[in-house]
Amino acid sequence: MTNKRIAVLTSGGDAPGMNACIRAIVVASEGKGHSVIGFEHGYNGLLSADWRKLDSKKVHNIIQRGGTILRSARCKEFKEEASARLAAKHLDELAIDALLVIGGDGSFHGARHLANYWNGDVIGLPGTIDNDIYGTDATIGYYTAIETAMDSIDKVRDTADAFERIFLVEVMGRHAGFLGACAAIAGAANYVILPELFKDTQTTLDNIHQQLAIHRQRYGHESFIIVLTENLWPAGISDLATQLETLTGGEVRPVTLGHIQRGGSPVSQDRMLATLLGVHAVKCVEEDKSGIMVGVHNNEPVEIPLEQTWENKKALSSPLTHTMLTMLNERHHWGLG
Amino acid sequence: MTNKRIAVLTSGGDAPGMNACIRAIVVASEGKGHSVIGFEHGYNGLLSADWRKLDSKKVHNIIQRGGTILRSARCKEFKEEASARLAAKHLDELAIDALLVIGGDGSFHGARHLANYWNGDVIGLPGTIDNDIYGTDATIGYYTAIETAMDSIDKVRDTADAFERIFLVEVMGRHAGFLGACAAIAGAANYVILPELFKDTQTTLDNIHQQLAIHRQRYGHESFIIVLTENLWPAGISDLATQLETLTGGEVRPVTLGHIQRGGSPVSQDRMLATLLGVHAVKCVEEDKSGIMVGVHNNEPVEIPLEQTWENKKALSSPLTHTMLTMLNERHHWGLG
Amino acid sequence: MTNKRIAVLTSGGDAPGMNACIRAIVVASEGKGHSVIGFEHGYNGLLSADWRKLDSKKVHNIIQRGGTILRSARCKEFKEEASARLAAKHLDELAIDALLVIGGDGSFHGARHLANYWNGDVIGLPGTIDNDIYGTDATIGYYTAIETAMDSIDKVRDTADAFERIFLVEVMGRHAGFLGACAAIAGAANYVILPELFKDTQTTLDNIHQQLAIHRQRYGHESFIIVLTENLWPAGISDLATQLETLTGGEVRPVTLGHIQRGGSPVSQDRMLATLLGVHAVKCVEEDKSGIMVGVHNNEPVEIPLEQTWENKKALSSPLTHTMLTMLNERHHWGLG
Amino acid sequence: MTNKRIAVLTSGGDAPGMNACIRAIVVASEGKGHSVIGFEHGYNGLLSADWRKLDSKKVHNIIQRGGTILRSARCKEFKEEASARLAAKHLDELAIDALLVIGGDGSFHGARHLANYWNGDVIGLPGTIDNDIYGTDATIGYYTAIETAMDSIDKVRDTADAFERIFLVEVMGRHAGFLGACAAIAGAANYVILPELFKDTQTTLDNIHQQLAIHRQRYGHESFIIVLTENLWPAGISDLATQLETLTGGEVRPVTLGHIQRGGSPVSQDRMLATLLGVHAVKCVEEDKSGIMVGVHNNEPVEIPLEQTWENKKALSSPLTHTMLTMLNERHHWGLG
């Protein structure tokens, strides 16, 4: 086996565990005799040839840090052919054998685009808190975001119980309900509004009203917490709060978790996933694979063509949906028996 | 010394450490042979005679829990004379010697009002995350809220650094800057906007602009984080974000921490403060003191008349202000040399 | 479907998430019209008929609490026929249809034993931080213990780096390396000593010596952290520390994490696993299944006969082993190419 | 005011917040036009002239990191005159005006020793988790260690309650009870054994026995947690556990927290203290003060001669002692009425 020259970059929204993944790539590479460089600011660094050498010492003690030591950024001009050609030129000048891209689906589009103009191997690693990438059970950062959202719901419940109030908690997820579903189950929320289950606003309001009645009967006046995925309620969380105040006659407090969900020290599951994927990506480089994303399925590393990661839509797993409906939204709401 | 019958209630916004304080009152009382009951839902329980007996076993393993096991609530009608007379009647029927009220200044107004119509002893214990009560260096819940805000800023900085962005973080505080000042120092923010230092919006924008220029020169394009106290910026945090985007030409992301600041397991300093105050309040009951708040000053318990807690305005300590201006806002902005 | 009467108990070493599991069982049951009681102190409560009714209100706000509200205990006399017959009598007197036992393999032996003398359904749910139960990918409490061990290693690394020292960290696991392997990967340890990989003390010392040499070459004098599973090193962790001091000529500090690994608020993955298993166990009760453990495999709930949970030995997953050897112990040590 | 050239080093046991203090010194200095260098590995770096320039950018994003970016070490040879002269020579060659030493009393001895042979200013900043330095109410790292110990006790209590057991938790403190006292109060321990209150082993065993009897009467069979300062029980924590098992007839589990107490991200109080002291030390440099430690007393920065920091013994504050005895050890044990 020849020694490889590997480049890595992080792109798109940052996610906890990206550093753990960079570290795994570097340490695994070094153990096999490969060398690694990192491009700064996502694809921008590829265009400006802004890079630095990475070795074990440089990635020591970064596994626990949020964000990304390589920085991230959007890079709209990378869609153009000229950009991809320039990137290819830089990669060739540096004699790079493989480029590893840690990011979300936008980043993977960029990787696929580059592959049209460059002969080296291009491999994607899924890094986003939204877990909205087809072909992998989990994405780097997802587990930490669940934990942060859950911790916040735990805190809100302290106050909600003290005042016996209704709270609305908006979590991220872009257009997918993974984060909302898990935060709601782990946070013991009482209702969850997700893209995958959403019909229309009136049905949702009716269901909440009905669920609240059941809740009051079972729990008396304990708190009632609703988790909502961002970008879903047409007029926003404040409008939903107002509508629920009208509906229930009580106070409803909205909380938008926002950017704290993207940061923080990665939890163990994200560090392990990031390490597993980083190690596997290095193995793929050794085997000259290209145009793929490495992911995890049933606890095993898997490889799928980059195109499939965005051409298919990942569904909430059936056990997750079943658990959620049983514990939160009562299956009969949805005609599920 | 005769054994006392003590009642306790929590009122106003809940704060982490209220349970630790309830526990301290109960355990200290029991050790001295006093008995304790708790009224539910703040002053409402006093009006409806909704109470329960508290003993060591009932307060076991609550020290670490946020919220309040006695619940809290607002109670507007308590301002009326009839309410105070009804409460006094209930307290007399239960043969209560002293009522301990854990809460903020609204709760203390209620306590003082009651004292006009009841012969028992009335003692306040400061519980609010805002630390805006004169006569005590710290209030129960304040330390935990600082920690929560700081943790959130740490998380935001991960992303802010990854993208080299400006972030605005709005923290609670009602009309006081204690929480904002401490969160900003502990969170290594780059600028802080507090009621105590605020002149007007234009001066603030100018100062931020100037500070940002210094920052960029020193740090290059690292993140820039601004902490803002709630209820301060006239048109709200989104307006400030928009104005800063215009001013700087870059992206500015607003984050409102909201109700997560009121919850969570209390940090050690809040548990210790709550315990110190609870123990001292029981001592005050034994000494038949009334119409006072127990607080802490220079690490010693102190007692001050309830009226003073709202008649005086607590100022940011001078070392805190000095530290803040040196580290964040540069003293020359403020003509402080 | 007829309404069921379900009993639940927790047994053996406590694990974070047991309360989340109790809650899931109760909430899922109540939603379907079943009723639930809980026996106290594990099998002891079954023998002394010490039980209480559980409903939604009683399990509100326990999802985030470590330990178990039903208490746990060992119960040696439960192995006897008379005990099982007495338990069966009590269960019949209470007209219980199914007993759910949350615990480890000792608890499952008890459940299987009881099934010989009782006609009701007996179902096990795996709860132990050691993850040493065959038939399920994970056990309730395992994820939280990984997180606690990882957090501790993160803290140790701060000091280890400051002093450039060798640290030994002993984690739980009974006789299995799951916790040690995951804590070592997630904690970025530099070497791990696990039952599954252990040959003999001399080989281990030789390997560490060799690995330390590689480490020093790559990292200079950064810290070197070794994770060790309990009950493995014949003369204990202090002996290993002494031997390593002789071998390396430097200071070696041993740290035994101990019982903190059993406690704490469960992380999201444990709460979700506990909820998934609790919901599925209720479904199994409705289907009159018995003599099984409900577990999780490839993110789906599974059911396996209780006997198989102890008759088979669960192996470390191959991706986990591969990752561990690549990142920590260098595969060539073990002749793995 | 002339611009100063300031050097900083960290020495002795590392403590969370040392990095926050380094940062504060650098940022405050830079704002005033001073320059800063850092010596590596404590006094060793002073002897080997191992230093690096520090500026705002280099200390960005270190406030939240445990350990010390300047490393620490013991340096026995620094006691010799030749060492102090060599250090003075290196400082003069670098034209340093003031040396700031962050550490404990051993480090301050070194600083005082150096001052005999060097004309520059020498200033100490108290950094140790033990809080055993006279002249300051708190030391950098102390608050975080309390939090870590408290969190561990919270976790232990989960298991202790589940099994209704006696647990012994040994915390650090060297020969002082500050950490033990605070961890015990904040962790709701049931008994605490501290150097300041310790008479002899038999009295302690008798008192525990008596306290346990009271506890069982009040709480039934809930857990009983004893906090013990290290280096205090003559034959060690295991011996105490054994003696208590004999005394009580039940299981007693010992837990030694160990080095995790030295690490971790500093809590807000440590970051604020570190920042306050760092800012104040820079002010002292501007005023040409020397031979002093900067500390905090009653929330104000103070300066005291270095000799006094070790010549006097700091006592537990009276409110702390009162609270502790009231809540844990019952004042009558100690003849305190």
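First chain written, first letter: the chains are A, B, C and D, and each begins at residue 1.
As a working rule, a contact is a pair of C-beta atoms (placed from the backbone, for glycine too) under 8 Å apart; a residue touches a chain by one contact, two chains touch by 3 or more.
What you see is a predicted model; the values in this text were computed from it and never measured.
Asker: Among the chains here, which has the CA centroid at the largest distance from chain C's centroid?
Answerer: So the farthest one, by centre of C-alpha atoms, is B.
Asker: With chain centres defined as C-alpha means, what is the inter-centre distance between chain B and chain D in Å?
Answerer: It comes to 28 Å between the two C-alpha centres.
Asker: Provide the C-alpha centroid distance between chain B and chain C, rounded to the nearest whole angstrom.
Answerer: About 40 Å separates the centre of chain B from that of chain C.
Asker: Just curious, how far off is chain D from chain C if you go by their C-alpha centres, in Å?
Answerer: Distance between chain centres: 35 Å.
Asker: Send over the residues of chain C in touch with two or more other chains.
Answerer: In chain C, residues 154, 157, 161 touch at least two other chains, as defined above.
Asker: Output every touching chain pair, sorted by label.
Answerer: Those chain pairs which touch are A-B, A-C, B-D, C-D.
Asker: Spell out the residues on chain A that touch chain B in their complex, using ranges where they run on.
Answerer: Touching chain B from chain A are residues 10, 13-14, 16, 65-68, 71-73, 148, 151-152, 154-159, 161-164, 167, 253, 255-260, 262-264.
Asker: Taking the touch rule as given, give the residues of chain B at its contact with chain D in the complex, in rising order.
Answerer: 23-24, 27-28, 30-31, 55-57, 60-61, 63-64, 137, 143, 146-147, 150, 154, 157, 161, 182-183, 185-188, 218-220, 222, 265, 267-269, 271-272, 275-276, 279-280, 298-301, 317-319, 322-323, 326-327, 330
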